[in-house]
Structures are given as C-alpha cells and as structure tokens.
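Okay, so chain A shows up in both of these, paired with chain B first and chain C after.
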Partner chain A sequence: MAENPGMPVRPSGRLLRAPEHFLSPAQIAEVTAGRRGFLRGAFAAALAGTGGVAAAQGTGDANILELPAHTKGLGQPVATHGYGQPSQYERNLQRRESPGLTRVSAASVSFAPLQGMFGIITPNGLHFERHHQGWWDIDPSKHRLMINGLVKNPLVFTMDDLMRLPSVSRMHFIECGANTGMEWGNVAVPTVQYTHGMLSCCEFTGVALSTLLDMAGYDKKAGKYILVEGADGSSMTRTVAMERALDDCMVAYAMNGEMLRPENGYPLRMVAPGIQGVSWVKWLRRIEVGDMPYGTKDETLHYVDLMPDGLHRQYTSIQECKSVITSPSGGQTLLDKGFHNITGLAWSGRGKIRRVDVSTDGGRNWRTAKLESPILSKCLTRFNFGWVWDGGPAILQSRAIDDTGYVQPKINQLRAVRGTRSIYHNNAIQSWRVAEGGEVSNVQVY
Partner chain B sequence: MAENPGMPVRPSGRLLRAPEHFLSPAQIAEVTAGRRGFLRGAFAAALAGTGGVAAAQGTGDANILELPAHTKGLGQPVATHGYGQPSQYERNLQRRESPGLTRVSAASVSFAPLQGMFGIITPNGLHFERHHQGWWDIDPSKHRLMINGLVKNPLVFTMDDLMRLPSVSRMHFIECGANTGMEWGNVAVPTVQYTHGMLSCCEFTGVALSTLLDMAGYDKKAGKYILVEGADGSSMTRTVAMERALDDCMVAYAMNGEMLRPENGYPLRMVAPGIQGVSWVKWLRRIEVGDMPYGTKDETLHYVDLMPDGLHRQYTSIQECKSVITSPSGGQTLLDKGFHNITGLAWSGRGKIRRVDVSTDGGRNWRTAKLESPILSKCLTRFNFGWVWDGGPAILQSRAIDDTGYVQPKINQLRAVRGTRSIYHNNAIQSWRVAEGGEVSNVQVY
Partner chain C sequence: MSRCIELASACLGATALCLTLAAPAAAQQSFPGIGRAATPAEIAAWDIDVRPDFKGLPKGSGTVARGQKVWDEKCASCHGTFGESNEVFPPIVGGTTAEDIQRGRVKALTEPVGRTTLMKLSSLSALWDYINRAMPWDRPKSLSTDEVYAVVAYILHLGDILPGDFVLSDATIRQAEQRLPNRNGKVKYEPLWNLKGKGDVTNVACMKDCPVGAILASYLPDYARDAHGNLALQTRAVGPTRGVDTSAPSLNAPPPPPTDPALALANRHSCMACHRMEGKHVGPAFKDVAARYAGKPDAAAVLAAKVKSGGAGNWGQIPMPPNTGLSDQDLAVLVKWILSGGS
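Entry: the complex of A and B
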C-alpha cells in the first residue's frame, strides 16, 4: 500500500524520535510574565521559542500575533463526516499484508499495527484479517442461521429473529492460531505488526450459543460437539466441544458498539473465547449438533501442530498464556536516553492475566509491570513499565502469568517439546534487542 | 445528510420489523434429510424456503444449485482497506446534527445514534461531537502542552515528550452537560439519538494529570484549582478542582486503541472522568495551576443551571446517575408480539452502576435488568431485559442506581427542585410509549 510522500504523517507506531527539549526556565518566566499582559501573543511567542506553531506556519519572523490558523479561524462543522475517520497524520497506521506469505491475497492475512496501538480495544478499522476465500459484504436481510443435527427442533433464524433474542456483550481477544508462527524457526520477522499482529480485541454483542441450543432442544446425552459453518466459498467448518459452546460462546452480530465489519464476518460470526481465531467462523450460516468431532479439512490438514516425531497434534485450539512488548519494538528507534514507557499486551485463552514481568537484560532480571484495568477473562490486558535507558545495548522481554498459574515459556522450552517445524500455537517470550544507536530489532534469545 | 435511495440499507437502529417465521417442522425435516444427500443443495433449498438467499438472488425457480455468489466465488482480498470501513448496509447509522439547534454548524452538536449501537464502547466514527468553533486536524509535530501557573518548574511538552511518559489506559463515558436538555420543558424530541446522543464511551490512553503536575512541582498549598485551555478559536477554558485533577484526570492522546480523532481533539485532550464533556477540553494546549476558580465564560455564562428563583447554579459539573433504554426507543416500531430484548445504557459520574430496574407499565412495577460486564467506575454499563410484548400499549422506563445509593429521579422530582427552564444536567428517567400498533415514541410521564 503506497504512501503519499507529499504529506507529512506520523511514522507508523509510537513516536520515539528525539523529543525536543522543554523550554528553559528563563523562557518559561518570560512566557508567564508575557501572558499576564497579552495571553494569546505570549503563547504564540512561547511556541515560536520551541520551533513551534507560529514559526512552523511559515511566518519566519517573531510576530507574536501570528497564531496558528486553528486558533484564529472557524473550523470544520459537526458531522462533516457522518461516520468519522482518523486524522490525516495517522494514515500510515494500517493493517498490512505480508507480501508473498500466501499465493493469493484473498486467502491471506492482514496484520494489525500493534506498534502504534493503545489500550486493549482494537479499533474496527485496524482489526486483523484472515480470509480463506476472500471477504464479502453480505446483505443481512438475506442471511440465515440454521441450527440442526441432534436437536429436537431444527431452526432457521433471520437476523431480525436473532436481534430480538436475549443479548450479551463481552470483551474478548481473538488470536489466529498461526500468530507468531514464523518464530518457530529462526526467521526473525522485523516488526511486531508481523510477529504478533494476528491479534485483536473487541467488545462483542450477540446471542449466547446456549440460548440458541436450548431453543433448538439439543440432545443433552449424545450432543457432545457442534460443527460451526461459514457461508463463504471456503466452507469453513470447525468442531467445538459442547461444554465450551455452552460455557461462553456466542453468535455475534456486533463488535465495538456497531455491527460487525464485512471483513470480520458481517452480519454474523462465531465468538469462541480463548479458542484460536479459525474457530470464530465468519459469515456464520449453520451450527450442527453431533456426537463426535467432525474432523474437517481445517482441523485435520490445517491448524495442527507438526511435532518433532513427525506426527501431528490435533484439536489444540486453546490459545495459551502469552504476552508481547508492543513499544519499543522491532523497527522503532530510541533517539534519546532517559525515561521510556515500555508497553505491551498480555492474554490467556484460559482466564485472566495475573501478572506480567518485564526484563531489560534478556531475562536475567525481572520486575513486575503495572496492569491497566479492566483485567478480564480471555481478553487482552495492557501492561506498562517505566524504564530509564542508559544508551547501551538492551534486550526487552515480557513474561505473562495467567490465573491458572501457567507461566509463558521461553522459545527454547517450547522447542524442546514441540520442535522447530510447527506453524501454530507459538506463545513464547518475545525478545526485542535495543542497539547502542537505539535501533530496535527482533532477536531470538535462548 | 442525504441517503442514497438506490441502495438497500438497514434502517438506522435495531431491526424491529416483523421477523420472518422459522421454517415449519416439516420443512426442517425435509432440509435435514436432503442435507445428508447433498449438503450444499439442501441448504440452498432451505434458504429458498424462507425467501432466503437463493430466491433473493433472482433465480426465481427452485434450482437447488443456485447458491449465493459469496458461497461460490472468490471474495475481496485482505487489506482491501488498510483502514476498514463499515458495511454498505450500515451507512444509515451516522451521527447527525439536529438542524436549527445552533446558528452555525461549526458551533453545534452531532448526536451519536444510540438506537443502533451495542455494548458500551462507542466506535470512534460514531462518537458525538460538540464544537464551539469547529474542528481542526492539527499537525501533532507542531502541537505543544504547557503547564504553568503556581508551579516550581513550568514545562512545555511536545507530543513526543508526552508519549514516552508513564502511560495509563482506562474506560470512561463522556456526556455533554446539555444532553437531554430539551426534556426540561415539554419538548419530546423524537429519537434517543437526539434525546441522549451527546453520550459516548471509550478506552482512553494518556498521561495521568498527577504525573504532569508532579513534574512541574505544583504548589501543594495554594494550588487548589487548574485551568484547562484548548487551542481552537473558541479558547475553551474550564476550571477543575485540584482534588479531582489529581484523582483520575488524564491528558489523553488515544481513544479506543488509536490516536484521537480530529473531531475529538487530536492530538491531545483532557479526560475528566465523571465531569461534563465541556471540561474534557479538546486540542488541549495549556494547564494552569491557580488558587481559586477561574470563572471563565464557559462556566459563568454557559453550562450553568437556571433555577426556579431566577438565579444560576454554577460549577455543577458532575454528571449524576442516569440511564436510558436505547432499543426499543422513539422512532422504532415493534412489528410483532412476543419476546423482545429491551436494552440500554446506565452511567454515573460518581462511580459504578449498582443496579438498573426496568418498567414496562410507566413506573408502576419494576424488575431488575441484567448488567453486562465489565461494570466500571464512571463508565457506561449495558443492561438487557427480556420482555414479552402482548401487543397492547406500554410505557418503557429504566431507572439506574449507583454505588453511592443515589437513585435516578423522575422528571417531576427533578422539576420540583430545578424548575423547567434549565438546559443542563437533566438525568431524569426517560419514558418511551409503545402504541398498540407497535410505534414507539417519546412521552413524558410524571
């Protein structure tokens, strides 16, 4: 995706360029004194003194009345955009395809730009994508959901039917089972967008799957599994255990306050908290109750773990406890010593995050990071950690612990069990190397 | 904002049209039998039987192989939009200006379409707007924040400076003090978008104001207030008590995972949890520490409460406990008897929501609604309530109680104290009348 070179934009990601210095105490005194006489002029002078707005507007001289246009004029009206858009200065921050990762872009991935994101909510415009046969904008008035199989009353729902049923809203992360897959080998993908960007987190609204299964009268004895099926050409089908389906799965029509986006399954998708993304079937059209796992293409040939002995592990769908530092991260540069906020995300498919530790020396010493609220089950948790960089080399790592007591493993611990030829379910500790010049890069630390 | 009549779109708001009926048991049996023979064909037949996809694609006949295009073809590639957009079927759902409310649209309001929103997160594209002199897209590299007044070390920050400081993320509602203002009199604004749409809720990320005030060395004895000042032409300035500033206020650069939107103060705004929106100064450029309230234009002439005795109450900035049913709500129509999910929002500027009660008979009987998680302080809480409509007239109300024990008042309780000529701080119970035909309208119940 080409960027327009004629337009100044923020770099993709957090600004870690050398900060301009604060005003000197003398400058501040001058500004404060001046303000008493003539507030607006003095403020302009202060800004000019820092190479700020007034000077930047191209006046060139020290005319203290030369305030920026936005301080003098009438701005844009409300509802200029009935549906708002990001600042023109933020348009570098996009989800991006990794060129060559798959043969066609309709069956590919676009990664979320975690390096420039904040908190835990993924804005819908930056939610990662993984399509198996491209995305469609399906007419919701024509879409149907069928519940059949081992049920007393098979049902077909319209969207209107679904949207008048009892509704639930909950926040959950979704992570592709292949996220961080390149790191199984020794391929150090350059940025966190490409190492961990198949990860998003939204507030989903829909109908509890248990409500629909109850309405259909599922077979409580024989009905041990469900098959979840999408309406797109890939005929995506996945097995989910009935126990999990009844626990916290939902059929969702909305994310982050509005209807799903087409790329995320509009008008209906499966939400399977804690389970890998492929089971969150998009453009959801059918749920069948069965008495055994279905063993479909996407759970026998794909999304299976190639083990060192040459066999495959199947049905390993729960996303284990994991974390990553999103800033500073690969491709960014620290241009100044001193205090930096290290920030990142932690999550577990089994529950809540209990603690995140951060190391700045490659795992020799660890200190506990601050967790932001809310801390929710099967949801991203944002952590922050204060660090004073002395200008020397450093290796930044984060390590998450969930409320089952599970500790996120090192890559060599994971490889000892799982080998190096897998694609899926890599939840190892990620290491970012800070070079003496401040450049941050992906490095594997054993 | 004109709508394109050539294009089918979902109505603005929840679909409450008559749901199509479920398949008959006979049809289902037929479908299920057919599926065993030929899955895809049978599903198409099932859909045709409900007036579904196959029939709707214009085939007209019962050709069971006539699957919808999205089931047969290759869809759009990933990253078609580096920054994604809503479905074409959702473009009715927009924030909208109330024509004639103010003299110019640059000093006006656009309301959030609460009737078609879900959960508690407001998507950034639908966040309400209130500008006093229009909005601007300010170049962040030229923007500065000054901290001055009763401080030891006055400071000027660039955005880079701010973004390397200790960071906090929290979810909070923002409500304009004038929200629901028309209801003080007997003006029953037709829809919840216009009665309550100056309300949004986001996850904000920024720097705690206490961090900045500490860095500047504020005067702990004399410094009892701060003045918060914006960079736009309206010179918006508001006083905030130091106690609140140190408690949970922040200087935010991000909302819902990405940088602020221009209409919401990009690149920097004040976040003053629980306090009315006007104090969340946008395009924030300066914070001054002082020893008394500043008494600026927007706190002496505006955002004051005209009382029955002709005097004004000032500095009543905390948004008291309030709730509203967002669906069904004014302008929507129930086209079918039976089960409906009543849903809405509750919030309090003083803490968490403890309980929400719902009445369907104009306040004679109340039952407790289900609250969705998370329930956070000074944040929206989503409630849901199951209701079986018998087809007769009904009056729907919600009543919130916060964790201080405060109960949301009726409009006549509020008027007894505050009169009818105020504009601001109306937190009364809202009533929606359901007529026998299913039409929902705004009605005042005393």
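Entry: the complex of A and C
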C-alpha cells in the first residue's frame, strides 16, 4: 500500500506530558537519564511552528502574542478552486485499503476514515468503496434504466426522464455485509477505519422505486422479488424483496447535494435502506420483477454466511443493530488525562436507534449516552458521552438498542451461535483498550 | 409484451380514444411524457440473467475439451491451470470429495479450511450466469454462449464432478447440477431477510455489575503494529487524540493475559487435570478443600502430606495418585494457593 505523505506527527495545544508520544525509546532513555538539554532540543524540533510549549511560558502564547501572516496579510481570492478541497492539514483522512485483504485493487475495498468524521454524514470523497470489477465514469446522456420481467409495460428511462420525476431525499446508512468481517475470529486490524469503515451515510436523492414499478405496472400477485443489475463489467445482480422495494427503496442519482460520485455509481444507483451494501447496485441499468429469488453469484458463492454445521445461510440481507466508538478509538493516543468526549455511531437496518449505552470498564458497568439529532430510521445516529480519564487503563465499549428492542450482542454471543467463519454480519460490541499513557488499541473482551 | 407496444403505437394518433383502450398503461399516464416502452430487442440485449430454475438459460452446449481450451487461454492466468490458484482470486476447485457429491453437502465446510467455489456452489445457474455476465475479468461478456457452457463443464470436470466426455447443454445442465457437492448446503435465512424478522443472537441491556470475562481475549500482536502503515499519518493532526506512531516500537503494548504463577505450577504438575478451583471435577474443588481446612492451625502441613502421599476415601472413592516428584518449594506454593482459595 502506498503510504500517503500525510501530516507530520506534531503535538499542539496542551500536549505537555508523556514525551513517549513522540519520542523514540532511545530519546526517552535520554530524557529519563536527566539530559534536559536533549529534551529541550527534541521539543524544539518536534514543536517547530506550534505553540505547544509557549503556552506554558513567559507572558503568553506566541500564537496570540505574535500576529501571524494570515492576520496581517491578504488572503486568496474567490473561486481559486472551482470545486473546493479540504484543508491541506486534513490530508491524513483518506479512504484506504487494508493490506493483504485483496490482491487486485479493482476487486477490492477502501475503508472510510470513521476516526476523523463528525456527525452522521459521510463526505462524498470519503465514502467507502467496494468494486467487483473496477469503477467507471459513465456518460449520463447515454445511461438507461430498464424495467422488465413481470410488468405490464417494460419501460426504458433516460436520466432526463428520471430527474423529471417526483424526487425524494432521505438520509440512510450503507454498510457492507462484510463490515467487521475480519474480526470474527480475533482482533485483526488496528483502527476503526479498518474494523468498521465499510460504512457510510448520505442524504440520497432519487425516485422512489415504487413510482417506477407502478409506472411499469408490476404484477402485484406474482411479483414477490426484484432483481437489480449494474451496467459495469460485473453487471452486479442482487435480489431484493418486493416488500422492501415498495417500502423505502429508491433509485438515486444524488448524494449529499450533488450527483453521485463515479465510485459510488454515477449516474444512478440502487438505495436499499437497511439492506447490506452489495444490494445497493451501482451504475444501475435494469430492474426485473420476478416470482422467485435469483440465486445470483453474490447470493450463492459470496454474501452467504457459513454456520458451524457447514450450512450456508442465503439471502441474509438485513444489517442488524450495531454501534462503534469512533473516538477515542484504536490506533490513537489520548493527549492528556482529564475530560474526553467519547463519541461514536449507532445504526440499525430494522429502524431507529432507541438508546446507546457506553462502558469504560470493559462492560461491567454502563451508562446511557446522549443521542444527537436527527435520529432517523436506517440512518447513522451520533452519540456522545462525557468521560474524565484518570490516566489509568480503561476499556471503552458502546452497545446500541434499536426500536425493535434488539440489543447489540457481544462477540462471544455471536460466536456461540454462528461460529467464527461466517464473514458477514458481525455486529458485535467493539472494545477499545486505553492503556496507561493513553494509547488506544483494538481488543476483544467479553 | 409486443401486443402492448403495438397498442401504444397505434394510439399515438387518437389520444382520447386510446386512453381507455390502453388500460395497462394507465399507471404510466400519471407522469405523461416520461419513459417509453422497451423494445423486445432491447430487453433481449440486457435481460441475460439465469435463475436457479434455469429460466433465462439460452440454448447451447459445450464439451469439457473445448472448455479446457478456453480455460487455458482466458482463465488460467488468474485462476491457475487447475482452478486451484489463490494468487489473484480465491481458488475455484478443491476441497470436495466423491462422498460430498453423493450427499450434496461438503464435509470440509465444517472444518477450519479455506473455501473454494465448488465447495460453496449450490445452484449451477449462479456459475453459468456469472461467467456469462462477468468473465473474463478484464473482458466481461466476450465469451460465446457455447464457450460459457464449455468452461462451466471444464470447471466441474476439474472438480471431478463431471466425466471428461460430458457435454454440458441446456438439456443436461439439470443433470449436472444434481452432482454439485454442495447442492443441499444452503438455507434461505428468513430472520435476516425479513425486516420484521428476529435475529438469532441478541444481548441483554445489563447496566450494573454485569458479568464479564476477566481477560483480554484477543489483541493485535506487537509485530503487526505497523501492518497497516503508520497510523499517525492516518489520523487528524489536531483534536483530542493523535494517531499512534507505529513506525516506532510500542510503548503501551497490552500485557499478556494475566497468569497466576501458582496456577501455572498447578498446570505443570497436572493438578488441574483432575481439579478445578470451583466445582467438583474428578477430584474435589480446591475451594472446598480450603473450606474443610479453614481455621486449622496445621492445615498447610497436613495438606502438603496428603498431596505428596495421595490416597482415597476423604473425598470419594476415586484415588489421588502420590506426587512424590514435587519439590518442597513447589509444594509449599501450591498448598498455600489451594488453602487461600486461589488468591
């Protein structure tokens, strides 16, 4: 994996303790040996350009006392970038592949950096990707959607047609069925990006699928299923229950106020709320109404859950209730003891989040977190929980409950029924261990 | 559908009359001017799916021999000469037996081994449909119908499912499917298909003094610390946390699961083969032993002698063998540990 150049590791703010956060063991030995001159040198190097130490010295913070260039000069003009970009200081937040997970990047996954996200909406450029045969940027004037099968009127729509129809906009999460799949047997990856990053949430805009099915005159008696099919090389196909299709599925052309990104199916994708991501077929070209499930490759060979008795469960579509603390989380170091906001995401493919509880002692005692609005059906919900870290070891967990009353399970409860080789549908409680010194790591405790 | 299309085109001239005639299209009329009828040729061009009941399967046939030729030219570079390769994609062939073919269930799926395509395949339509729509990986939809039949036949031959002289066709495909090693290995799992289904695993929302295991069951080994690159460069450089610099050795590695030296000793001397701290096993629970000796001034000496000499009758008729090989030092540690109830 090519490492992105990234932001230098530089402390800022009140990072006054624990030099081990950015010094090497050899340098720490120097510090412990009392060679303060060395320490000053190391700090000077590490803090160049920041006011970390200055805050505690002299008459005040140099960042306040010495007016910076941006306060004393002229900034850049409007429309310098016709399409704005994140700050140069944000370049560490990238979607990334998990090394060794796949061999070819055109049939792979990139994980969304949940550790750095706020609220519930995923920025379009950080939405996770899963492609089976590479992605395309399709000319929308040439894209067509066909509806056929058990319908009175097989129809063809252009993008112009679809965008003229009444539109709906709704916020929904999308989660790959294999999200957290690497952790069924044991801890395998270090950060929330890799444990839970096949998860994103957008406001989607498109046409209610029920509108299109009505226009085609679908067979209300025999039409129990639909097949959705993509226009890319893989021509991905998945079966969706007609009941779900009529309820809240849509064919979407927009995400978060702009057209879909090519990597997310531009110009048209299926949105199947609550259902695993593979059914949200991208570059959607065709919907067929049928009277039986289609048993496609991704319903027969993949996205089937292996049980301990050797039987595979097929058509396991619903993403059950799940949550994860995104900060503090694995691979991070707490700056200092004292107050920290434990924050994370909760979601359920069956409806709304009713409650999230947080434990800081590995699941012995729990308190209820604050849910931020909006709390929407089949959508991410942000939770926050105030915590004063005493500097000692802790294990952070979150546990979500949805409006069906279902309580997110522990990994050992899942394993007791489904074994360790199911790959899909791991919605276990995630544990993050905070060590003395503040380093947070991925652990499994139950 | 052609009748509908004819009706629709015949109606273009006389709208008022046709609104009643073209009743099937009534729903479409709610959004006039949007969408149009698909032509039969258009539907044929895109409607290529083959269902588990083989609806949609085009007529055609292919031999194992022809399949080998196509395979060697177009498939083997990714999937290996025998479909066994794990270099680019998971292996296709392997892990199935003649017994599996008889039974229709693959035994190796209950074992901790990797899974091949043929171990999982339960309906032949899935393999045919997928190769037809998506293979070869870099040139999908370039195979002819007969080539698809041939390649499917060859894959099944590589898995010892079909004989070398088998001709796979729309007429014989059901016969071939009846030999799939895992044809009985799938179940449609309704609880995760239906929105209102109840899952098979749930938790209880205990809030206080909840039962938890005492140990870290799993954590990343130190050597895998930088397996995902330098995490310091994957985390925002401002805020309540920083990414851990995994280019440097860990300073906060989780400790190994706590091990009690006395328990390790008890394991080494095979005490734990017959005893548990709590609950009777072959021999009495150590906690029960501790309770019996509680308050006796010579407890340590008496118990030490019993451990060394063994015996029967005090706790039932199963005898405890003598432990003459125990050093006095180890014995003292073990006796103290047992009498303290494991603390």
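Here is the rule we use: the second predicted complex is superposed on the first by the 378 of 446 C-alpha atoms of A that agree within 3 Å, B and C clash if a C-alpha of one lies under 4 Å from a C-alpha of the other, contacts with A are read in each partner's own complex, and residues count from 1 in each chain.
Here is the rule we go by: contacts are C-beta pairs under 8 Å (C-beta built on N, C-alpha and C of every residue); 3 or more make two chains touch, one makes a residue touch a chain.
Bear in mind that the values here come from a model prediction, so they are computed numbers and not experimental data.
Peer 1: Can A:Arg285 be said to touch chain B (first), chain C (second), both, or neither?
Peer 2: Both: A:Arg285 reaches chain B and chain C.
Peer 1: Quick check on the superposed pair: does A:Tyr89 touch chain B, chain C, both, or neither? Answer first, second, both or neither.
Peer 2: both
Peer 1: Which partner does A:Asn153 reach: the first (chain B), the second (chain C), both, or neither?
Peer 2: both
Peer 1: Classify the contacts of A:Arg382 with the two partner chains as first (chain B alone), second (chain C alone), both, or neither.
Peer 2: In the superposition, A:Arg382 touches chain B alone.
Peer 1: Check whether A:His340 is in contact with chain B, with chain C, with both or with neither, and answer first, second, both or neither.
Peer 2: Both: A:His340 reaches chain B and chain C.
Peer 1: For A:Glu129, decide between first (touching chain B), second (touching chain C), both and neither.
Peer 2: After superposition on chain A, A:Glu129 lies in contact with chain B alone.
Peer 1: With both complexes overlaid on chain A, does A:Met259 touch chain B (first), chain C (second), both or neither?
Peer 2: first
Peer 1: A:Asp214 contacts which: chain B (first), chain C (second), both, neither?
Peer 2: second
Peer 1: Would you sort A:Lys142 into first (chain B), second (chain C), both or neither based on which partner it touches?
Peer 2: The first partner, chain B, only.
Peer 1: Intersection of chain A residues contacting chain B with those contacting chain C?
Peer 2: Residues common to the chain A contacts of chain C and of chain B are 1, 8, 10, 15, 20, 22, 25, 28, 89-90, 93-94, 96, 104, 116, 133, 146, 148, 153-157, 161, 164-165, 233, 235, 285-286, 340-341, listed in rising order.
Peer 1: Which residues, counting only chain C, touch chain A once they are in their complex?
Peer 2: Listed in rising order, the residues of chain C that touch chain A are 1, 4, 24-28, 30-31, 33-38, 42-43, 46-49, 51-53, 87-89, 105-107, 109-110, 112, 115, 117, 120-123, 125-127, 129-130, 133-134, 137, 140-141, 182, 185-189, 192-210, 212-213, 215-220, 224-225, 227-246, 248-252, 254.
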